[in-house]
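Read through the structures below before going on.
What follows is subunit A paired twice: with subunit B in the first complex and subunit C in the second.
Entry: the complex of A and B
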């Protein structure tokens, strides 16, 4: 590194207060990652019947914790840290009021702690509290009120965070009235606009229906309505997880490769497309729901297929930018340039492997999105196989890889060991390749997702692509490698935090090859894009929601609540599960109708 | 806005892929006739299934020469009737509803698969061919005993089917 770079300040040097928020957010994310990984390994070994250390009835508490801690706390805390860095860095000015920034951090941390307690309390009979409703919390399964309250507080925290970044941008705009929105800030603002639209539905669902219902203020809810409102939020949330990865792929990866982003305008087009198309597609999670007309499902599918476009464009731009970097480093030939890339750098290799997995996840996603092909794999373990490639690798591995690059910038501490980092990201890739491939294959055999014991008394799975048992072993080995990889990542980070501070770690991000001056001005018109996004949402959802309310009533068609937190049930079911080997149906009939017990 | 020639090509290829995917699903709907579970059945009172013509007594019913209807109730944690017995080479329409929470109904290793939502009736029609036994699983988490919720579909020969009806089997 030259002397000029030695003297350059890092993000921490320039914005010490913001750097602290970024570090706190990342550490919260990684704490959640640790918990999620612990629950993940117990779950993998339980499902595959390698080691069952908990009763099967507690599996669902574990699964709820795995889902919520990883896809809510880990991903979103990383996002708010990364976005705080990206906005501050690209606007090159501190946030307006750091107290507001700490306020949203506190809201998010407090909220997720409440939700976490309500879930984890399910492991003990001492506290009459549980939230084993899984990440999707479909009514009439009912969690303890604290679960819903915590989620609400957490989401309000993210809203304040978005407002904080919009405010920083507005302040910047007053000082720079004629300038284009810097690319990273543009990415943050479009993503947050999408988030506000998406979370409006889940906020409505929780505040109007689920929370009052869990408190006993209303007797019943409409299961199809709350489910539809969940998926109104549930699909865009996957892009909320993905956009931080995209931000890193677009703005950081090309730099690490030795080059620069290929096209700034196309990056903006891609983020605008996500803002427009992420939300009016949620019904594709409900292809097999009764009570929703086929036409609505078809519209949702068409939108979903067009949502492939921004990701396909991204594949092109990212590969082109990396190739440009390789050629800058002296790479030649049709594919020979690949050898010139910095494969020993864990940040680079991690992000590239994450991108490769995302391509595979994209293809299994096309199967999911195909309305009538979906029959074959709906609610089978194929689906978690798919999203462990997307959120579980494209997003999670990019976040870990990005940390190797970003952590020194926000702490002035060099990474403890790059070789361990490299080993860790490759291990993740191998573990996920094994686990996800076997999950897809089991899904085609008809093995369901979300179950403690996928083996049944009355039938056996046929074998293809290796039998059920062999695929289970692949899943268990893959899951174990992923757990080891997570521990290596966290260990490396903890040791990094013990390193002394040094100078000379500053990295700058070069502007794009084709800069913002090539982008039509209209791309920066956020008001226009938000308006179009809202119109598309209304077009996609007004009629289905009206039809659902018309059919089942606003407050539901006479369905009772099924709280999951009444403790005697769990004991009773443990007993029932113990005699599973015998005739299951008779056992349950003999022990009395369980529905009565649950009430 | 400057777009590289290769990128234009890629963009065009992407749009072709998207149209092909939409086309293949459309073909599946109009060609082989794969219909989606939809709103064909009116909503139902989940709390009063015992007063309903079809679901008070979940059963298999012959409605045409080779046509059968099956009324299934999913509950924590099982399906009624169980087993479901139908004759070979027939067209079977399942009407599935739930009396408590959301369940799933999947005939393992086939594409007969639907969500089962209390208050709604899912309708799926399948063709069964030669005699065989299939597992049925609930593939939507429905409570702490979810993993014990299963059933069986027995496709039997015409003669066995008649025997079983006469024998007073619950089919």
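Entry: the complex of A and C
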């Protein structure tokens, strides 16, 4: 290794305080990954009837823990760590106030701990608390108030995190008024703008409906409304998970491949498109909801199809960047360049396999998004099969692979074993291929999702794809391989943390082949894109929500749209006022005609 | 003679082709050829192992550093 690289500072050397935050966020994410994986393997073996260590009545609690720990805690903690790294690195300056940074970390950690406790308490009868509402926590399932309070605190933490990064960018902008927003910061800011829009609905749903309902302040809620508000948030959250993976694919993967990002402007266009299009599509999760008119569903489907565009742009740009890297390394031929890529590097291989699986997830996603064919697989295990390819592999595997590249720079410790890392990412790919594929196949047979007992008495599933029992075996084998892969990843990381600190681990990210100077200035106009995003949200949601409230009432049919405690309170106030007025009138009458009093 | 491909490349190629080979069983099922699941799955893994064994007999895969340092 050259002396120049030896002397080059790593992220930890340059920004030690921020590196601590990144490490803390990643470790929180990986703790959640461990919990989620444990619940995952128990659930897989239970559902497939291979081994049952819990009663089926606890299955919902288990499923909630698996979902919440993985898709809220693991992904979002990794995201905030990665974004802190990306903003600090690309602006090349520390965050404005590290105390604020630790504040949002503490809010998020405290919030998810509350939520986690409320879920895990469901496993014991000793505590009168449960939150078996699944990750999709809309009504009519009701959780303990602690679940909602914890989620609220967690989301407030992410809001403060976003403000922290916006603040860092504004401080940088004051010093560099004529510069383009650095690409990684641009990605972070557009993602957070999308997050603010998306979480507004879930905040309303929790604070106005679910939490007061759980506390007993209101009698009931309108389930369709809470479902719609959840999916207003529930689809963009998918892109919130995905954007860290995109950030790594766009800015880190080309570098590991030995090349450079193909096009900075295309990357910016993709992130703007996600900001615009990820929110006004949530109703495509509700194709079978009877309370929403078909026309609104159709609009949502059309918007969803537009979302294919940024995904396809990404496929093109990332593959072009990687191909450029391979050709720089001496690769030739139509496909011969593939052999010149650094496949021994677990960071590279993990991200490439994650991208490959994302393509497969995109195909099954198109089936989910199509209004007519969705009916065939709606609420079947096809849907978990789909999102284990997207969030479960494209996102999770990229995050693990990215850690192999990033961890040495935030800790100055080399990865304990790259061969174990390589084996781990390939094992994930094989495990997921088995599990997800069999889930898709079972879904086509009509096997339902979200149940511990997917078989019905007196009913046999069709025998295609090998049949229900055989597909169960594939799911169980795949799930077991995934669990082993997770343990290998976490073990490798723990052993890495025991490594001594060394120098020479610094990595730099090369500029794009087509740089920001080629991108139209308007792409950096965040106000414009946020405004358009809001207009699209209003167009997609104003009428459906108005119709839902009009038909079903704000708090359900036949229920007054105000909290129940207002009725006795208002009665009390009315009585008090009546007594007061009576007394006044009596006094006036007793003291003679009004004119006398006035005189 | 060593295989002019890195260990990672070989593993990835085997994983992808292994998955395809495994899925061919479903296709065979559609055309009426039913093969038992577990033996077939073991067969695919054994086949991958045999390929790795042959590669190691032929001198192994490419293990020299191949320019993963920062460019």
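The definition used in the following text is that the second predicted complex is superposed on the first by the 557 of 599 C-alpha atoms of A that agree within 3 Å, B and C clash if a C-alpha of one lies under 4 Å from a C-alpha of the other, contacts with A are read in each partner's own complex, and residues count from 1 in each chain.
Keep in mind that, in the parts below, a contact is a pair of C-beta atoms (placed from the backbone, for glycine too) under 8 Å apart; a residue touches a chain by one contact, two chains touch by 3 or more.
From a predicted model like this one, the values you see are computed outputs, not experimental measurements.
**Student:** Using the touch definition from the top, say if A:453 reaches subunit B (first), subunit C (second), both or neither.
**Tutor:** Only subunit B; A:453 stays clear of subunit C.
**Student:** Where does A:94 make contact in the superposed view: on subunit B (first), on subunit C (second), on both, or on neither?
**Tutor:** Neither: A:94 stays clear of subunit B and subunit C.
**Student:** Looking at A:376, would you say it contacts subunit B, subunit C, both, or neither? Reply first, second, both or neither.
**Tutor:** In the superposed model, A:376 contacts subunit B only, not subunit C.
**Student:** If you count the residues of subunit A that each partner touches, which comes out higher, subunit B or subunit C?
**Tutor:** Counting contacted residues of subunit A, the larger count belongs to B.
**Student:** Which partner does A:547 contact after superposing on A: first (subunit B), second (subunit C), both, neither?
**Tutor:** In the superposed model, A:547 contacts subunit B only, not subunit C.
**Student:** Touching subunit B in one complex and subunit C in the other: list those residues of subunit A.
**Tutor:** The overlap between the subunit B and subunit C interfaces on subunit A is empty, containing no residue.
**Student:** Of all residues in subunit A, which touch subunit C in the complex?
**Tutor:** Answer in residue numbers: 1, 5, 255-256, 258-259, 328-329, 338-346, 348-349, 352-353, 356, 419, 422-423, 426, 429-430, 433-434, 437, 441, 464-466, 470, 473-474, 477, 506-508, 510.
**Student:** Applying the document's contact rule, which stretches of subunit A touch subunit B when the two form their complex?
**Tutor:** Going by the criterion above, the answer is residues 56-60, 63, 132, 134, 138, 140-141, 222-224, 227, 262-263, 265-266, 286-294, 297, 301-302, 305-306, 308-309, 312-313, 316-317, 320, 366, 369-373, 375-376, 378-380, 445-446, 448-454, 456-462, 514, 518-520, 547, 551-552, 556-560, 562, 564, 569-570, 573, 576-577, 580, 584-585, 588, 593-595, 598.
**Student:** Sort out for me which residues of subunit B touch subunit A in the complex.
**Tutor:** Listed in rising order, the residues of subunit B that touch subunit A are 1-4, 6-7, 10-11, 14-15, 17-18, 21-22, 24-25, 28-29, 34-39, 41-48, 75-78, 82, 99-102, 104, 106, 108-123, 133-135, 137-148, 150-152.
**Student:** Tell me, which parts of subunit C touch subunit A in their complex?
**Tutor:** 4-12, 15-16, 18-19, 22-23, 25-26, 29-30, 37-38, 41, 66-71
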